[in-house]
Each structure stands twice: as C-alpha cells, then as structure tokens.
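Naming follows writing order (A, B, C, D, E, F, G, H, I and J), and every chain is counted from residue 1.
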C-alpha cells in the first residue's frame, strides 16, 4: 500500500457517498483548497485531520497512518497536462510566464514567489456576460541573497 | 525579421533607457500585465498602441508593423521551465492542478476557466512576516455542452 | 475503480453485444459524436444519460456514478499518436497549423477557435473517385481582450 | 538558401505590403487555404503560381525556383504546439481522437481519412451568441486491404 | 479485455503449439506478411478469418469478436525502437529518409507513398557471400492536389 | 565549414542548375539511391567521385575535401519525422516492425538484416488503379552467435 | 506469459539458490558474458541450452519454450540509464563517441563495428593502485559499400 | 569564442592539411585515443600540449588558451545517437548493460567501473572472415562504501 | 519478486510500526543517510545488516536475500523530479551546476567529485530567522589522466 | 544583446586575462560561490558589483546594465546534464533524492529546503587516500502550512 492507493480509495468513497469538497473541508476545519489538495495526496494530515478523514471515507488504520506521512507530491501524469482545464493553467504559465517574472522582479527585485508559503482561493465571480472563475494566489516573496 | 527580433529589440531598449513596465503600461493606457505580455511578444498591438511603442523603443516602420501582427504565442524555452520563479508557477499547476480541477467542476460543472477571456493582476501584499506576492486571476467559465 | 475502468467495460460490452455508436447515440438522445466521446471517457453524463448507459452496458451503481463525474480528459497514449487514422489528424495540425492560425486571425483578429464551445459532425461524402470523410468542426471564436 | 528562408521573406513582404491571404489566393487562382499553406512553405508551386508569387513578394530567381521544389513539410516548432490557437486543434485531436477513429471505422471499416487527397475550408459562421469558426475537412477514405 | 490481451494470447498459443507464421498464413489464406501483422494486433480480421484464428489459437467468443474490431495500431514500445533488428529499419529511415523523399518526388512530383494501400514481401535471397533479406515494399503514390 | 554546409551548397546548386538526381547519379557512375544519399551528406565520396561532384556543383577545394570525410550520419531533424512522405516510412516501421522481426527470425533465426551491407532500389510500378512506388531493400542477414 | 516473466523467474531462482553467473555459464557451456545476457532475456537459447536452464532454474515447459524464441532485445528502462554502473558506459559513449568514430574510420574507412558479430570479455585486472575492470570488445568491421 | 569553435577549427584544419589522428597523437606524445578525444573538445591540454596543437592547427593565442580550460564534456547531439557507428555502441550498452552490471558486481561487489580513471585502446584485429575492431577498455573499480 | 517490492514492504512496515530512520540507522550501526538510502533500495546490505533488517521489518528469507543483491539504482520516477523538496535539489544543480564545475576545476584541475566514494550528512542548523537544513557532501576528487 | 552574450564575454575575458574565480570574488567582495554563479549569468549584480565587473572584464555600458537585470536562470543545456562532473550531482539527486526527502521530513516535517535562501561552500578536504571535495549546502527550511 502507498499514498496513491489511499487517494484512489478517498476519491472512490467520495463518489460512492456523494460528498462535496466544501463539506469535506468543513469537517476538516480547513479551506476547501487545502482540504482538496490533501485528499488528492498532495498535503500531509495531522493526526486529528486523519481521524476525520478516516471517518469520512471509512479508512483502515494503515490508510489513516499513510495520510500522516509526507507524500511524494505532483499530481500530473505528464509534463504537459492533457486535460483541457488543467492545460489552460499550463498555458497561462506558458504565455504569461515571462510577464509574471518581469513584474515580480520590477516590484520586489530578484527572488521568487513561494509555492510553499502559499495559499489559494477559488471563487465564483458573478458576471452578466457569463460568470467567471476568480482565483487569488498568495505566496511569500523570497529574495535571493548575496553571500 | 520576425516578432521575436522585435521583442529582443524592445527588451534591449528598455534596459538601455532604464524604463519600467509600469511606466510603459501608463503610456500604452493598459494594465501593466497586458502591456508587459504585449511587449514580450504575446499580445497584438492596435495601430495606436504600436505607435506609442515605436516612440518608446525607437522602432522602425517594419518593427512597428510586426507589433500589429498576431504573434505565435508561448514564452517558455522548454516544456518544464528552468527559471526558479517561473518554475514555482509550474509547480503550482503540478501540485494543485487536480485540486483546481475538482473545485471548479464542483462549483460550475464540466468546463474550463478561459485563458483567453482572462485577466491577471499582480500586486504587493504587505505582511509583517515578509511581504507577499498576490496574484488575482480572472477567467470566464466556459461550459462543455452536449449536442 | 476509476473512469478508465468504466470506459473499458463500456467498450467490452459494446463488442460483446455488437452495438453500434449510432444506435447508442439514438438511445442517449445526442449526436453520435458527443455520445461516442462520452462513452470513451471524455464527457460528463447527466443522471438521465447515465441511466441509459447503465441499461445499455449493464453497469453497476458505482460505475453509473462515475459517468456523472467530470473525467480527466485526453484520449491519446502518447504526445504524437501512433495509430495511422489519428496520426493523419495530427499531421493536419502539423502541416496546416500555421495556415489555420493565419486565416482565423485574418477573419477574426487575435483570439482562438474554442474547443469547448465546440461541435463536430462526421459524415460520408459520396464521390465517384472514392467516397470521402467529411468532417465539420464548429467552434465559437473567442477574442483576446486588452485590459 | 532554403525554403524556410523564402517563407520568412514572403511573410515579411506580406507584412510590409499589407497584403491579405484572401487577396493572395485570388491572384494565385486557388483557395485561400491552399494558398496560405503554400506560402507558409507546406505546398509546391507550379511554375505559373511561382511567377505570381515572385511578383507579389518581389522574389529573386533563386527564391522563385525554391517555391517549385517539394518542401520538407511540418509547420510546428514542437511536438505539442504552444500557441493557444493551434493548441486547441491539438486538443481536439487529443480529446476526440478515439471518437473520430471509432466513427470513421463504424461507417467505412478499417482504413484512414487521407491527409493528402484532402481539402479544407475555413469560414465565419454568424451566430447571435457570438460568431463561430466553421471548418470543413474533406479527405478521401483509404481502406486497408488484405493481401 | 482488449486487443492487446488477445495478441498476447495468440503469441503464447503459437509458442505453446510450435506453430509457424507461414503455416498460420496458409490457414488464413493470406500472405505471411498480412497474417503476421494481423495476429500481432495491427490488422482487422473478417468473420471468416477470425473463425480460423479461433480454431488455431483456441480463442473464446469474446476474443474472436475482438479480432474483428479495428485495433489501435502501432507496435513499438518507444519512439526509437530498442530491438536491434527493428532499429536497423529505423536507421534506414534516418539515413535514407531524405533520399527516399527526393527520389519519389523526382519521379512522381509532390505526394507520398501510401502506407495504407500498401503491401510487403519478405524473402530470402541466396548469396554466396552470405544470404540476404530481400524486402519488396509496394505503396500507391498519392499526389497532393491544389484546390 | 562542415559537411552540413557542403550539403546545403549542393542542394542549392542542384536547384539553381535544375539538375536531376538520376543525371547526377549517371555522372557519378553509381545508382541514383547511393548518389542521392551521398549528396545529401550520408555517404563518403572517393576522390574520383568528389572530383565529379566538384564540377557538377562548383565546389571549392575545401568543400571537395569534406566530401571524402566520413560524415556523422542521420538525416532527420526529429526522432519522429514530421514530413508526411518520410513519416509514412516511420509508420511502416511502427505498424509492421514486429511483423518484420517475426518473419526474419522465422526464416533465418536470431540476427538482423544489415543496414550497412545494404542496397535500395526505388522505381515506378505502373498500375491502372494508380501508379505505385516499388522499393526493394536488400540487406545481408547477420546472425547473432554464441561465444 | 512472455520472455520478461521468464527473465524475472530466472533472476529470482538465481537469488533463491545462490547461484553465480560463472557457474551458470559453465553449465551452459558458453562464456559468462553470453550466458548472462541470455539469462537476462537478450539472447536466444538452443533446445539444449534451454534444457540446461530448465534444470538450473526449475522452469516449466512453457518457460523453457520461451527461451528458444527470439526476444525483443534492449535491457534499459530509460533512454539515458539511471544506474551509476551502467551510466558510466553511457558516459563513455557520450564523451568518447566521436573519438571512437574518428579512429575506426581512420583505420578502416566508412563503416561500423558490428554489435551482432560481436563478443565481449570482462575480467579483473590486478593493479597495486586498486584493481581495474578490463573489458575487451571485439566486433567485425562492416564497410559501407557503393552500389 | 568558446571551446566548440576551437574544435571546429581543429577539424577543419585537419581536413585541409590532410592530417591523421595517429600522427597528431605522436606529436602530442599521447595515445591516439586520448589525443583524438582532446582535439574533439573532451579533454584538457597542458600548456605544452596546447603549444603543439597551436602549431599543428595554426591556432591563435586565444584558441590556444581555450584548449587549457576544462571543457563541458559530452560529444553527442542527441540522447540516442543517430550515427550508425556510434549507435552500435549505444546498442551494446542497451543490450549488454544489465549483463555488464551483473558480471562486475559478481566479481567486485557493489561499485562501478570508473569512466574517469579510464583508458581505451582501439586496434585492428586481423581475421580471415573479415577484420575486426578490437577495443580494450580499462577502468578502475570504485566500490560503494558504507558510512 | 524484486528489490522494488522489498522496498515497498520496508516502507509499509516502517509506517505500520511507526519507526524512525534514525532508530533504524542505530540498529544497522550505520549513518542515517546510508541506512535510509539502503532501505529505499539504493545500497547493498551485508548479511549482518540484512539480518537486522529482517527483524526490523519482518522480512521473509527471500526478501532478506534480495537486500544483499546489488540493486538497479536511481530513485526518481522522472528525469526532472516533480516533488518540490527533491526538485529544489535539481534546481541547485541547474542553477549552480556550472559554478560547481568551475570552482572544482579551479581548485583541482580536470576531473570529478566522486558520487561513489562519497558520503552525506544532513543536520538541523538552528537559526533565529528560521532553522536551516545543513547538508555536507564529501566526495573524493578523481582526476582525468592523460594516457 | 542579452545576458547570455554578456556571460560569454565574461568567460572569454577571464580566459584571455588568466583571471581566477577566487580573485574575482575578492574584487566583488562576495564568496567565490556567489561570484562565480553571478558571472555565469545566474545572479543579479548591484550597481557597485556591476561596476567592478565592468572594470574586470572590460564591459561596455550596455553590458554593465544587463548585469543588473534579473536573468532567466538555469545553466544546463539539457534536462539530464552530459558533463561528467555535473552529472555526478544529478546522480546524487537521483540516487539519494528520496533519502534526502525522508530525512528532512523526519527532522522538520512537511516542507522543503530552500534553494533561494541558500548558500553553498566548496572546499578542498585533505585526505591521505586522496583529497576530497567538501561541499556545504545551507538552505532555510520552509514548512508547508495548512490554511
């Protein structure tokens, strides 16, 4: 058994029980973004969170233990993702990548926007011409230092 | 001559003249995000915008014409970007890709967040533990339809 | 269990029962193009459509539930498809890709032809020199906007 | 000198003179689809067509000769195209590839839709919800034969 | 079950029964080249041919049905084949590819040699300096047409 | 200067002078297949052959010397060739590769068909349903030996 | 069942029984290099050799039959091997590849060193500064011929 | 200027002057294997060796200085080499890689054969059935150590 | 069974029993770095170490035997690792690779830092601005030699 | 002009003037590790540092300006580096990657070792059995946080 199998079991249980990510997040006491990433095998559960998951998804002791082990992260089956929704994000990085780089450096100097000290919020933005997906990403700026 | 060469000339002129993207955007009358992407060869200029660029970067007639031609988009030299700042964005897609997919589908059903009817805003977020980069992405939701 | 396994089961049931895609489409009340794509794991079924599929392919409750979950799309096992029929389509994109780009931009300006707000129709075109495959693709034009 | 350089010169001349593909096609006496593909280095010119091109784009004798040589075809700089408009076509092949394969085989049996005995027509389709790109592809069906 | 599994079963039965491809071809009433390709999962059987295969390889009803379904073709596990015998053919394409292209175009003009309307014959060519493999490939020439 | 540049010069001279491969072969006193491969940078010229080439293509002393140096072989710009004519040959290897392997092994045992002690003949095969390209490949069988 | 599974069984039996390749080779009556390659699925056994292997590794009739079938060769799981010992050999080809090419051509003219009519001998070379691995490779020179 | 350009100049000078690697090696006072690798940009020259090279190839001061700088090694233009002679070496690693690994480990335990503390000798081996290339590789065994 | 399966069993046993790498290392009498690498399938156990592992992880005789066989090394599932922690190391090689090369060559001349005669030490470095990971790598310098 | 060209000019100047990285670092007032990385195009210079570089390497005004622009980082020409010295570092990540991951997580929990808030020190370690390269890497631990 490994984490991948626990993830598959969680997804299957979610489908079978008709659960929603927002409800799962409420039970876990975290944002829906973190909770979903955690259930999909990208984040590490505390013992308390793992106990909630055990109950939600009918996990065994061993499966519950795996949730508390740091996983090997990365959720894409290929370097360039085939799924259209995920590809659009890859395309944003491809088309706007150098733009993002230029503007962050202009504001902050050399360094990066952290993907670790990071949070994400996804919401519906009502719009008469068709609702929009609004995503807010917040990552700590980490400067390169001389030494 | 092609658009790539015009982009190189614009970057060189920006370095030589010590211009800033925010100032260039002001002159173009557009957001700094769109303006930077356009100058980096990812967007198409109107005649008026191209005339502003001509003046800003001392472009020739032919170079100014190229700015009004739709470019072959995509700014990354490799499928997985090597630059640490841009890689962090690739990593966000890798680690959070399936999460983003799940949450958009839960809210909107099957479809995608457009990368065309799309805008982006990058800003500094003051934080006592270290300032953060805050990026807001807004893309129209486009549903898959049966037929 | 995941969607891939349901797709395999549908294909096996289709072979075993000697069904045809056109007949399946009639039962689903949709075009043969959408219906085939849906059965092959690329589209999401409504509850009603899933119930029809359950009956057609002798699916279990869990399998029927999976049909209503948005799938991870993309049906090719490699970036460049090996199968000769599918490769010819890849070749059309390779040989005519820049042509399509130029002509759409000439007619509509900068933007794309949507692959989401999209439909396809495949038909036999009688021809004394040998019948032809006639495919009509219709995708909404989505313009890039300045902001 | 090779064909690639002639293509670059043609594109540059088209930009400099403000020509349109539809006008070029009229001068060549062919469809805009074939004419654009030919000018972009994918098709072979007859002597008469090459003479028209020479005049349109101010080509030299050697450049005019190159247009009549069969080119090494394929217009994409990478296996998976980065440009959003062209990528959407790659995505159609990825998402609908197996569907197209099933439906052509159901109608015609084992074989392929030719990409050589092939024509394409791209047109605007007026639509109150937003105009659409309508593309008609016509390729001869070629059956696999036993021997 | 899918075609790949039927192919594996056929190969295993051939090994277990000590059959030869030439004998199998005789039973199928086709050339050894087509028959081997068909048994290796690259061609589609008619009902009659499938019935012969059922008997030869002790196939089940379902397996026999799969033989009559058009397969996803392509028999190589990697883009550049590792097996030395198959690699030599890849090398011929690599070393002589542009030569073949030039000579076919010189004789026929722009177009291709069909790999669909195609047959192949492999035979031993006695030679005092060591016997040779003689392969005759015959493919219909398909011209590119203007339109 | 390297061999690639000499190849480019030869191709350009052939275009400029309107030469044909068959005529060039006659001058070289070799088959059109070997002669074309040699001119395209895949084979090594003897001094006498190089002197003929010098005259045919107006080469310099240094260029003539390069023709007598063994070249780094391989004429394809990518692992999977994009050009439709050459791709069809790649497809033959892909679809028929395991078939060729089986049939050569059945006839000869373990070993390969040489791509070095090898010759090729390309000819037009008249056919009322459309002329065909007929290619004969002859390669010495080289057995694996135990030791 | 296929050859890969027989290889796995042979390796497992070798580990379980504590056999050594040199002892296996002695039983097979061949060099340790050929014998190891054969057991690892790269060479074809005669009936007699297969019978020895059956006894050594407790193989079934079917497994013994598979040893006499020509295998799909190539023992590396990736194009660039990850294992440090095997990588060093890849590195030798990478660093010395052009050197080997130059020196063989200087001595023999255009052609190759055969990897089929080939043998290899691996031995310990005592050295006071640390023992060395001494490998002798012997391959027939095969000249390219004009035709 | 970089080392690659010096290598090109050395090759061009060797062609122009009709030098042989064995003669160059004699002048350098090293083996023909090391000397060729060094001239091809894979090894570092001492001042004395660089002075010999300067004279042999008419190098400038700057070019002579580059020969004494440690180069970025690796002489192949692609991960899998296309040239048939070099490919045969890649094939030896592919077919015999696991064999070499097993036999070195059986003799020496865990560790590698060094590609740094390494030498190579290439020679003609007369053989009535056709002369052979005989290559002796000698690399120090380096054991993995526990710590 | 192969080593990969033993590794999976060890990881599962470690999770189930709640063991820590430092404790395992103490039992093995080796550093935590070597011990972890060995348990993860990268190093070879002695008989004594394997007996300790058998007890710690409840291994069978066959599993214990596999630990003493030299493994096929390399622990990453893709050439560019997706996991963020491991990617940062890849990034260090990417960003600092040429720097490391220059500085080692400046100090030692041409050669490498061994990854075989090598040890590693990972420790916590207390820091008021946030604790740091301190890693010490020690590898023997191996010089390239002329011959 | 871009940063790559400035890097090439710096390297060429360093070779021509016989400078050493340690001396350059002293002039820049930074460590030799940071200074080398900066000169190789991986770090951003302050105005003062750029002025030192201008003098050291005889740079023009424009070249000096480029040093103060944040570069596109990543110094390797291929995903798996070919140069033996740099490859050994890639190999360390490959062989020890999962080990490093396990040990950092055991000590710190889920998170990463920063490659941005990072420093490196490379030194000679005298050893009677052969001097060693000792590298100390220090990176801030960045924890993943729930939100």
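One rule holds for everything that comes next: a contact is a pair of C-beta atoms (placed from the backbone, for glycine too) under 8 Å apart; a residue touches a chain by one contact, two chains touch by 3 or more.
Owing to the predicted nature of the structure, the values given are computational and were not obtained by experimental measurement.
By residue number, over half of the contacts seen at E-F repeat in one listed pair from H-J, G-H or A-I, namely G-H. If you compare H-J with A-J, the chain pair joined by more contacting C-beta pairs is A-J. A straight line joining the Cα centres of chain F and chain J is 47 Å long. Chain geometry summary: the mean Cα position of chain E and that of chain H are 41 Å apart.
Averaged Cα coordinates give chain C a centre that lies 29 Å from the centre of chain E. Those residues of chain C in touch with two or more other chains are numbered 33, 72-74, 76, 79-80, 82-84, 91, 94-95, 98, 101, 105, 111-112, 114-116, 142. Interface note: chains touch in the pairs A-B, A-C, A-D, A-I, A-J, B-C, B-D, B-I, B-J, C-D, C-E, C-F, D-E, D-F, E-F, E-G, E-H, F-G, F-H, G-H, G-I, G-J, H-I, H-J, I-J. Within the complex formed with chain D, the residues of chain F that make contact are 8, 11-12, 15-16, 18, 77-78, 80, 82-84. Residue ranges on chain H touching chain E, taken from their complex, read 80, 82, 84, 87, 91, 94-95. Every residue of chain C that touches chain B in the complex is listed here, in rising order: 30-31, 33-34, 43-44, 46, 70, 72, 98, 101, 105, 109-112, 114, 116-117, 119, 142-147. Interface residues of chain H, counted against chain G in their complex, comprise 20-22, 32-33, 36-37, 40, 42, 73-76, 79-81, 83-86, 88-108, 111-115, 118, 120, 122, 124-125, 127, 129-142. Chain contact summary for the complex, chain E toward chain C: residues 1-2, 62, 65-66, 69, 72-74, 76, 79, 115-116.
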